[in-house]
Amino acid sequence: MERRDFWREVVALSGSVTPFILKRVAVFGLYGALVWWVATYTHVRTGLGVAPYEIIGAILALVLVLRTNSGYDRWYEGRKLWGGIVNQSRNLGVVGIAYGPDDAAWRNRFLRWTAVFPHLARHTLRGETDFSDIDDLMTPEEIEQLERADHAPLYCSLQVAQMLQSARKSEAMDGFAFMRADDQRAQLIDHIGACERILATPLAKVMSIKVRHFIFLYLAMLPLAIVDKSGMLTPFLTMLVAFPLLSLDQIGIELENPFSVRRLSHLPLGDIGDKIQRNVMALEHADDGSSEEDAAD
Amino acid sequence: MERRDFWREVVALSGSVTPFILKRVAVFGLYGALVWWVATYTHVRTGLGVAPYEIIGAILALVLVLRTNSGYDRWYEGRKLWGGIVNQSRNLGVVGIAYGPDDAAWRNRFLRWTAVFPHLARHTLRGETDFSDIDDLMTPEEIEQLERADHAPLYCSLQVAQMLQSARKSEAMDGFAFMRADDQRAQLIDHIGACERILATPLAKVMSIKVRHFIFLYLAMLPLAIVDKSGMLTPFLTMLVAFPLLSLDQIGIELENPFSVRRLSHLPLGDIGDKIQRNVMALEHADDGSSEEDAAD
Amino acid sequence: MERRDFWREVVALSGSVTPFILKRVAVFGLYGALVWWVATYTHVRTGLGVAPYEIIGAILALVLVLRTNSGYDRWYEGRKLWGGIVNQSRNLGVVGIAYGPDDAAWRNRFLRWTAVFPHLARHTLRGETDFSDIDDLMTPEEIEQLERADHAPLYCSLQVAQMLQSARKSEAMDGFAFMRADDQRAQLIDHIGACERILATPLAKVMSIKVRHFIFLYLAMLPLAIVDKSGMLTPFLTMLVAFPLLSLDQIGIELENPFSVRRLSHLPLGDIGDKIQRNVMALEHADDGSSEEDAAD
Amino acid sequence: MERRDFWREVVALSGSVTPFILKRVAVFGLYGALVWWVATYTHVRTGLGVAPYEIIGAILALVLVLRTNSGYDRWYEGRKLWGGIVNQSRNLGVVGIAYGPDDAAWRNRFLRWTAVFPHLARHTLRGETDFSDIDDLMTPEEIEQLERADHAPLYCSLQVAQMLQSARKSEAMDGFAFMRADDQRAQLIDHIGACERILATPLAKVMSIKVRHFIFLYLAMLPLAIVDKSGMLTPFLTMLVAFPLLSLDQIGIELENPFSVRRLSHLPLGDIGDKIQRNVMALEHADDGSSEEDAAD
Amino acid sequence: MERRDFWREVVALSGSVTPFILKRVAVFGLYGALVWWVATYTHVRTGLGVAPYEIIGAILALVLVLRTNSGYDRWYEGRKLWGGIVNQSRNLGVVGIAYGPDDAAWRNRFLRWTAVFPHLARHTLRGETDFSDIDDLMTPEEIEQLERADHAPLYCSLQVAQMLQSARKSEAMDGFAFMRADDQRAQLIDHIGACERILATPLAKVMSIKVRHFIFLYLAMLPLAIVDKSGMLTPFLTMLVAFPLLSLDQIGIELENPFSVRRLSHLPLGDIGDKIQRNVMALEHADDGSSEEDAAD
């Protein structure tokens, strides 16, 4: 996260919503030109001053910022949830290695099911059905079971729970440690559920529709209000006002679904999943050698 | 959640509050016309400038946005709570299947009572008394008991608790697993209780009444302030200002009760309940076969 | 929570702060008339324009909305805490019935002490000393003990804790269930403590005093600034501006103590307590008959 | 918390920041007078209109309110944390009395160490080194140990933990009850730690400095912008604008450290501590007599 | 946290973003001068009034404040997380000393691994690879292991977990106490994970880019709008408006990464780590002597 260069960002288009709204801005510009042309050739004056626009403008500004902010909150909540997936996966790994049965096969299997959870969560959130990116973690049989599952992350969670139960039943895992592990497992279900909630719940339609009604109404009236004074500059000024309004509206929409790769500034779920996999699988061998002996001194 | 088309939403009426407020906007338009007519035929000038309106306008805008925002927060809190119901139901199912007694009848019964909770919660929040939508989950006797219960979700929670207790007493369930299960069960009670709180607590009346006093006062004064300058356009401008004010007020009211099917943008409680039922009941057979044997290797 | 009628609320006075502030608004109106009278008969012009008022007006609007918002947050936090009291009471009841000793006397006593907690909390928050409203739950001896207690809800909590301890000691209650019950009991102490905090902590005085200084200063300067242009309308305009400012200030104060019956829009603690009592006491017999036998199949 | 009298607060100075900022307001008034004097005798006109000030004014207002709000949040968070100290102390007391060993000496000692925690927390937050106010709770030897401790509340927490451990080891306390008690103990450490964080973390310097830069710049330019029109009133208007700006800035600073007795509206930590001590120590004898026998019926 | 001197902060540059933005402000000043020069020598009038700027200005102000606020929230969240690291480290220390094995070597080792965690967290967040600052806590062998670890704080957490497990296995630590300790250990992983999230997630690019587009557009149009009226003062006024806009933008960026020493107002992670180390290591000997005996009376 470098201190980003001001001048470079000023001209940057990549990652900006500008390309998405150019056409809309142009439409309002053309409309402004039409208003000016009609006003000029008919010599009709609208007599509309800008005064009554102020209250509408203030409300529009507030509502629009609210809308963008709500999109941003959703985006950031999604990011926090994936931060939670990182934390709970790590903790599940630590608990499995430190408190689990002293059985290499169990440990390897436990870490693999822990590390695969974020990948499955990503699949679910992005509607991806290709499981080939987890073939370094799962056996073909396990992948087949996952493909058949009603809800892959839930199936994964059940696997983890059953491994904990088998360890508990064979007394290879202490009850207290078992409880700590299941607490972490359950939190993973909470995180994926919350992500699905974000995915399924855009801004209340009653509100998002009204925001666009307001924007349209405001921009449709604007040239009528300014054409008397601004003349030839009417289309230009209309576009100047339309640009930030339409940008903010679009930003709110881009941020509303933080998981889809088709949205700008979507979250790097793939990178996060790879990081978790690396951290968790590294625990398998972090345990070798000296430390436990020291502890047992 | 597709990137929604700007131009289609601009003209959309379905899901919009516009039909609800058209009459009110028209009333203020007629009033504006009356003011203009009186001013024209009596040649009286009000002498009221717009200046003192600015502070009132600013306060009105802020209060109104606050009110809409508070309605939205309530709506989103309701959605989060139902997200929690999804999570806790899933977890309860996983815990029951993975850690519960190895008894198909108990498991089936446990999953059924888990899966029925969201349906009962919906009944309570919507005041629905028709239990026929749960007859695939509950036996007629169970439905009869639910109908007699003082509070159906609470009764359901008691059933789950008693099943956990019976499993615990017969030593078929580990104490630690029992505790994890009861934790999830208790959270479901928290979620339904919080939903009932939202239902029972609209915006403080002292505030919602005042918002409408302010709107009325503002719109009643507006034509007097602008008629000197705007003349014939007075009714039109009055309606232009009335539209966003009354829209926001109405949006706040629509969002205040996110559960009722009679409100716009109400939450899809039926769909969420069906999804939970599908996820939870799928756990009954997710457990078959290979996985536990692998774990026990 | 019906969709409330716009026109009825516009004229409603019941539940509104208007009666409380009428005198203050009138005082500023009289002052405005005085300024106009002096200006008219002395022909002195103040020369004060409205321009420098804008920055003060903006700050005043923001601070005032902040103040109202802070009062509202307090009110809503109080409501949430009582929602928590509902949840924890219900859970405590479920846990007591499902996991407690199989002893009718213990169960009845446990539910009664659970159901009485919200009543005692209400007494404490409202400074009520009449215990006659709980004589259907408590014996005269128990009421006498409560009257002698330093802090009645804390005493009640101790009773519940001691019943849990006696059940635990006699092995009639599982340790894990005991822990779940005590968790709910402790949360009730958290809720009543948080309510007491709200009661004891109005908005920081340094802030509430300053809000009123600002309002006064603004309204005292306003007639001087507008009298040159507005003439005879000065007192009327002053009152028009004073009304929303003083309303919001008063709303903030009404909401600050959400428990007192003397405040507008206070929370219906009595109704909530009765609902809890009904829900909790209904658990005593919800348990009869078939269900447990089924579970034990 | 009485409904406070509007007119009395309007003239109140006690608890107000006004005395702190009078000198600063006067300095800007003098500067305004100077600008007016120079403008009058040199007949130079600045030609600066107020227009470009609007955007700066809007930003200044928003930033200033943000700053005050951030100070207020800090103040209220401090209050919430002390509410938590009340709750956890009470719960620790209840748990100790209800579930602890049946040993009067242990109980008295446990309640004393519980009741002394808030006093020690206050000492730490206020930098007080006089332990004489706790000599009714602690023996001289205990006070001496506290004086030697690196961090007195942490030492107190360790004492509580060791008492729990000794009760646990001698089997006089159930493991589940022990766990509940330690949970409450640990939360007290969280609360005092969070208070220390508030104490150690004023508003980010990069932000608080800039707020003051903006205020200064705005007030330094103001007389230049208004002197052409306002003439002789320039110093008066400058002070009128300076007063709310400097007030809000100062309020933010007063609220930033809610613990110090040298700040206005500081929290009544002494009263809270005394209330906790009274509540907790009252538990020692709340337990006498009838109740437990009833429970054991 | 002294009440800071107003006049000293007004002129302070250290800790201010002013040096970072001077060049940008100057660029806009030069551009303003160019506009004025062209306007003067060509006698062209832009005819652009300031009116249409108001809505853009309002949106810009809101968006900019939102951006700064979001940076500040991130900064404060980072501070809160480190407050949590303080709390959990202290609690882990108390639990280890009070409930851990009565074995001086184990205790010393446990406290050392607890106290080193914040240092390792700092290394990770700042990308520091020099472990020499922890050579008073760790042996050379332990440092070597840390250097080889995939993620040092996670490795540290695993060490703590393994010590807990070894204590638990040898029955030197009660299961309930073990659970309390692991709860604190797991929270440390949550805290460091949340810090890494803050580090890895600047403001959504779609938003930060657009903020800078808006600023640039606004400042590029400003001289055109004011040059007709302000003439020679155009460059000066442009810079006056550019200064707060660019300051806020830069403040948002400085606060975005609260951990890096290269940012202004970064958090004092070193001091916090040293404080934790002092508090935790002091526990080793706080335990000596009288207290436990008293407790065992």
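We call the chains A, B, C, D and E, going by the order they appear; numbering starts again at 1 in every chain.
The definition used in the following text is that a residue touches a chain if its C-beta (ideal position, glycine included) is under 8 Å from a C-beta of that chain, and two chains touch if they have at least 3 such contacts.
Everything numeric here is computed off the predicted structure, so don't read it as measured data.
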| item | value |
| --- | --- |
| Fraction-based call for subunit B against subunit A, same above half, different below | different |
| Subunit A and subunit E: spacing of chain centres that average the CA atoms, whole Å | 22 |
| Interchain centroid distance [CA atoms averaged], subunit C/subunit E, Å | 36 |
| Residues of subunit D touching at least two other chains | 54, 58, 60, 62, 175-176, 179 |
| Contact graph of the chains (line, ring, star, complete, other) | ring |
| Footprint of subunit E on subunit D - complex, ascending | 24, 47-49, 51-52, 54-56, 58-60, 62-63, 66, 70, 105-106, 109, 141, 145, 149-151, 154-155, 157-159, 161-166, 168, 170, 175-176, 178-179, 182-183, 186, 189-190, 193-194, 196-197, 199-202, 204-210, 212-217, 221, 246, 249, 253, 256-257, 260, 262-263 |
| Touch list for subunit B against partner subunit A, complex | 1, 3-4, 6, 9-10, 12, 15-18, 50, 53-54, 57-58, 60-62, 64-65, 68-69, 72, 75-76, 79-80, 82-84, 86-87, 90-91, 94-95, 97-99, 174-177, 179-180, 184, 222, 226, 229-231, 233, 237, 240-241, 243-245, 247-248, 251, 254-255, 264-265, 278-279, 282-283, 286-287, 290-292, 294-297 |
